[in-house]
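In what comes next, chain A is part of two complexes: it sits with chain B in the first one and with chain C in the second one.
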Partner chain A sequence: MTAPTKPRVAVFKMASCDGCQLQILDAEDALLELAGAIEIVHFAEASSDLRPGPYDITLVEGSISTPEQEAQIREIREASKVLITIGACATAGGIQALRNATGRLEEFVRTVYPTPAYVRSLEDSRPVADYVPVDLELTGCPIDRGELLRAIASLLAGARPRVSTSPVCVECKRRGTVCVVVARGEPCLGPVTRTGCGAICPRFGRGCYGCFGPAQAPGNAEALGRRFIELGLRPKEAADRFRFITGWAPAFREAAARLEEVER
Partner chain B sequence: MTHRRVEVPVIARVEGEGALHITARDHEIVDLRLEIYEPPRFFEAFLRGRAYHEVPDIVPRICGICPVAYQMSAIHGFEELFDVRVPEGVRELRRLLYCGEWIESHVLHVFLLAAPDFLGYHSAIEMAKDHPDLVRTAIAIKRVGNDVMELIGGREIHPVSPRVGGFSRAPRRRELEALLPRLEQALERMPGIADLVGSLERPSLPRRAELVAMVHPEEYPMNEGTMASTEGRRWTFAEYETVTRELHVEHSNALHSVIAETGTPYHTGPLARLNLNADHLTPVARECLRRAGLSLPDLDPFSSMAARVVETALAIEEAIRLIRAYEPPDPPMAEVVPRAGRATWATEAPRGTLYHRYDVAEDGTILEAKIVPPTSQNLRHMEEDLRTFVPGVLDRSDEELTRLCEMVVRNYDPCISCATHFLRLDLRRL
Partner chain C sequence: MWYLERDGLGRLIGLLAERGYRVIGPTVRDGAVVLDEVTGLADLPAGVREVQGPGRYRLERTDDGRLFDWAHGPDAGKRFLFPPRERLTEIRRGREGMRAEPAPEEDDRPLALLGLRSCDLHAIAVQDRVFLELDERYRRRRERAVLIGVNCAVPGSTCFCVSMGTGPRCTAGFDLALTELAEGFALEVGSRLGAELRDALGVRAATDGERAEVEAIARAAAERMGRSLDVADMPGLLYRNREHPRWGDVGARCLACANCTMVCPTCFCHDVVDDVSLSGETATRTREWASCFSAEYSWAAGAVVRESHAARYLQWLTHKFASWIDQFGVSGCVGCGRCITWCPVGIDVTEEIAAIRASDGAVEVRTA
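Entry: the complex of A and B
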């Protein structure tokens, strides 16, 4: 009799800071335990033993930002049973999506690189789901380790992973954290941002800046922006609060655009 | 003439993407290029128009492995320009946070990325099957570094509390003191780890090299100091861009740095810091230096792993000292009033000096940004080391040669997402 084969897991990186993959490495103990239940067959940051697909579970960090990545993500999708995108870059284009829709890529290239001809880049930095079907998106900058481990454990148990879609505000109420907007008049994206981080920023005395992207039931991002203007922000500053780590996520992108109109 | 082309897929366990192309005939290198194809993300471009107080939340996204370094270089630069006097205790808390990052990053590199090379494994996970105690010890030490960061910063990757002016929240004394027992245990393990690293058989690379790091009159440099090199050069942060120069080479999305005057490469990182700051080593760090078999000066890049072990001990000792003396800054943050001008600052990231420059408008809007990460400063020297090293080992098998080239690159602990993930070795033997 042959032993049952373990699910084959792969980790890939597109345009990103490596922080989400590092969350996997930082899950040290869990990783060693998980290593008994799965077989990590492709994880370049951790191992030089890189094997070809097919893969049962594939985790992708990073946004699609170059022509090569566009081709690569299609191959990865072909080779993967379940494709999970991890982090703000893979799910919303990342902070590097601040170049999107500016029409200024060429000027951006010239600003950073002395010889622009050497640089190949797509006009926009986009989420993976813009190119291929994605089975589960785990947002966050970085992702939450617990969410990732629970998602993998669910898949191993044959269940569909579930992620919380409630906003950071709910988390603050649950924890009894004093509201930074009410107590200190500090602009906070908590009412419209998905929780997952554990409401870290309000607990550390500052407003949420939207790392986990728009909550499923976002309330009204534009209305929150108008509240920021009442608190003393200029419309451009209010728009910039949304045009940030997950600024290319549709709910935040639209809010920023409307608030910019107020400026004009 | 035999023409042989070998593709060896991947130099793994570095952060970022790249490839190494070598063409060799007999014992001579015909062509050698370290190619960086990490996609450009244009941070310096989209920073323009943003507010200074947003920068500590933007720049850590350049690198998930050394986010604190990015925050500290930016924050100190703005504070100097705006003439901010931070509350008492903030300086110490920043150093403690940085110690957490050094511990976490160095242990990640030494045990999870580099040690498998020396012990002959593909990964730390594989290594853990034969050396479970070693991997568990490493994980415990790394964990306490991560916990220092999480306690101060809210999370270890992209901390949220560091602000221009101080911290949005300072930890309570009791919270930090709870870390002491684990820090003390970690420190006890360091001399044994130094023995182990000293006993590993390692290649050597005799070379001439200019090593560059910050120096400080009273302490091992992290957040403050001035620049120095092993060739006797001295400069201030404001002079950084005149003393060094960045070059754009066709095969790389990362820029290469050289010393402007000579056009020659330089090497920044733990080995450079150690050579230039040996006077400020703490007692256990000094013991680790001896037990790892290092005697200074030491310019051999293969001594970098031992240098990281010495610095890990130093960071743990510093963390213990800082926690014992800790008084929470109250308030944790000074008021900040922006002004127009130029902010320049560097701090010592785990993998080397990280320089930032910002031109700022009167209302604190960023007009121009310049970020020179340690990896891009080291790239040219990595190529140089490979050029020196490879001819002597060309008679090895392709597999062995790949492993050795990976080790040469990994000496620099390149965070290639800040400049470039895997390195593919494309070797042509003519």
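Entry: the complex of A and C
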């Protein structure tokens, strides 16, 4: 009998900034333990030794934004037992999804790139789950390293990873962070944004940007947007708060559309 | 009743620290009066007033140097007696199998909670009914704790302790209770430990005038309650109105953000989560505050039981004001009003209950 082999893990990226992958490389304290528990066989950000599948666990960063990525994600899915998407791009389309549903892709490409002819892009930037089944989504811009490591540890232990769907407020209150909406009138997306970040922005006195995407269903982002209007934002400004890093996530997209109706 | 000089309060903080207590008291942080470790009078919120309203809390400065002319911020004794996140168990895989051991306290000093309002003292008594018999860790913290109340002189606009019969005067559940007078404090003793601390502090008996002043402050505070709530037939009112249209109305405004339950000094719901290390050699079991407003909280038998915000609000309010009484023999609400102030969209329990009462029986409850 041979020694049990370590799970083979792959990391891929689509349309993204690499920030989520860096969360893995930054996991200094855990890297040794991680290396002892898994074998990373494909991780272009870390090594040029890229081995083929099949993979036990695959992490995918980035949105599907080009025809090549659409084809590649199907191959990756085929080669992966467990597929985990990481970050706002992979789970909600990312900041690049601002182009979605504008009908102005061509105009944007012409404005941004000196040689637009080289650019082949899909009309929309979309989350991976729009194309292939995804086993687990870890949201955030970037993801929380602790949440990723806990998810991997759970999988290695044969348990289903626990990813809370509760809002950021729960974490603010646990940490004793004073509410920036109530005590400062700051528009903060925390009440409708999924926790997982450790409530970083409110801890530094800022409103939450919603980078972890919508919290639990059914949600009520519109009611929070209406509160922003009471706090002094114009309806369009309130709507735009939801159209940011995770603006293409349905709950935020729909709330923004309804808030903009108020403007008209 | 006794009289303590103003700097006697500083001596009390020092005395408690000397005796090994972790002294928790009010202090200003990030625009609110919060509870945290204090080391002297200078840490207390001198010359601070609160402006509270539904979904709104602001501090205003005065130059009068008074220490307790505010009602309370978001924190209550719960944060310390029932911590928001607490390691319960540490598990290690060894040669002889798995070993599970209770996790040590992060800070094992006994607690001295200073500046609790009457509503907060009542809230601790409510949580005692939940945890004291069943939860060893809570019991140990609770039994070693010193509770020092401070009578409210300036209630908040969201306060309704008079309606709930829980204040504003501290009447029970304290070791010592203070009332801030023009110069020093009136001091009342509620336990043997309190008497011992009093003797160590050096006090004199309060004069008749000082006694009268304490009663006058309490009376004035009771008259300045920001809100009131009719609690007549409270379990019945909510039980027979569980199909009332108001639940849908409040559900449409509610964010299900859980803030009301987190700041509620009696809400005790929690989750227990396990974390295993990457190597699989160690694991920890942690208890953390959870909320009935979270979908994951009502996950049962493979589904979310309370899907709508209306259903979650109904669950919370009905438990707090009605089924809590069946369960623990006392209302779960102490009238502190924190859920009103710290709701980001300003939902007001007193208003919601009043609306239900105003059209009591609007929709008949279906019976099976």
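To be clear about the criterion, the second predicted complex is superposed on the first by the 261 of 264 C-alpha atoms of A that agree within 3 Å, B and C clash if a C-alpha of one lies under 4 Å from a C-alpha of the other, contacts with A are read in each partner's own complex, and residues count from 1 in each chain.
Note that a contact is a pair of C-beta atoms (placed from the backbone, for glycine too) under 8 Å apart; a residue touches a chain by one contact, two chains touch by 3 or more.
Keep in mind the model is a prediction, meaning the values are calculated, not measured.
J.: Overlaying the two complexes on chain A, which is it for chain B and chain C: clash or fit?
T.: In the superposition, chain B and chain C stay clear of each other.
J.: Which of the two partners, first being chain B and second being chain C, lies in contact with A:Val112: first, second, both, or neither?
T.: In the superposed model, A:Val112 contacts chain B only, not chain C.
J.: Quick one: is A:Leu22 in contact with chain B, with chain C, with both, or with neither? Answer first, second, both or neither.
T.: The answer is first: A:Leu22 touches chain B but not chain C.
J.: After superposition on the shared chain, which partner residues are touched by A:Ser47: those of chain B (first), chain C (second), both, or neither?
T.: In the superposition, A:Ser47 contacts chain B only.
J.: Of chain B and chain C, which one touches more of chain A's residues?
T.: B
J.: On the A-aligned overlay, A:Leu156 touches which partner chain: chain B = first, chain C = second, or both, or neither?
T.: second
J.: Who does A:Val181 touch here: chain B (first), chain C (second), both, or neither?
T.: Second partner only, chain C.
J.: On the A-aligned overlay, A:Cys197 touches which partner chain: chain B = first, chain C = second, or both, or neither?
T.: Touch status of A:Cys197: first partner only.
J.: With chain A as the corner point, what is the angle to chain B and chain C based on their C-alpha centres after superposing, as a multiple of 10 degrees?
T.: Between the chain B and chain C centres, as viewed from chain A, the angle is 110 degrees.
J.: Looking at A:Gly205, would you say it contacts chain B, chain C, both, or neither? Reply first, second, both or neither.
T.: both
J.: Taking the superposition as given, does A:Thr5 touch the first partner, chain B, the second, chain C, both, or neither?
T.: A:Thr5: touches no partner chain.
J.: Quick check: superposed on A, how many Å separate the nearest Cα atoms of chain B and chain C?
T.: 10
J.: Share the list of chain A residues that count as touching for chain B in one structure and for chain C in the other.
T.: Of chain A, residues 205 contact chain B in one complex and chain C in the other.
J.: Touching residues of chain B toward chain A in the complex: what are they?
T.: 9-13, 15-17, 37-46, 48, 50-51, 54, 57-58, 60-65, 67, 108, 112, 116, 122-126, 128, 135, 139, 142-143, 146, 153-158, 160-161, 163, 168-169, 246-250, 252-253, 255, 332, 406, 415, 417-418, 421-422
J.: Enumerate the contact residues on chain A facing chain B in the complex.
T.: 13-23, 25-26, 28-29, 31-32, 35, 40, 43-50, 65-66, 68-69, 94-96, 98-99, 104, 107-109, 111-115, 118-119, 121, 125, 141-142, 197, 200-201, 203-206, 209, 211, 237, 240, 244-245
J.: Which stretch or stretches of chain C touch chain A in the complex?
T.: So the residues of chain C touching chain A come out as 29-32, 34, 36, 55-58, 73-75, 79, 84-85, 252-259, 262-263, 273, 275-280, 288-291, 294-297, 304, 307-309, 341-345.
J.: So in the complex, which bits of chain A are touching chain C?
T.: 30, 33-34, 36-37, 149-150, 152-154, 156-157, 159, 162, 164-167, 169-170, 173-179, 181-185, 188, 190-192, 205, 216-220, 223-224, 226-227
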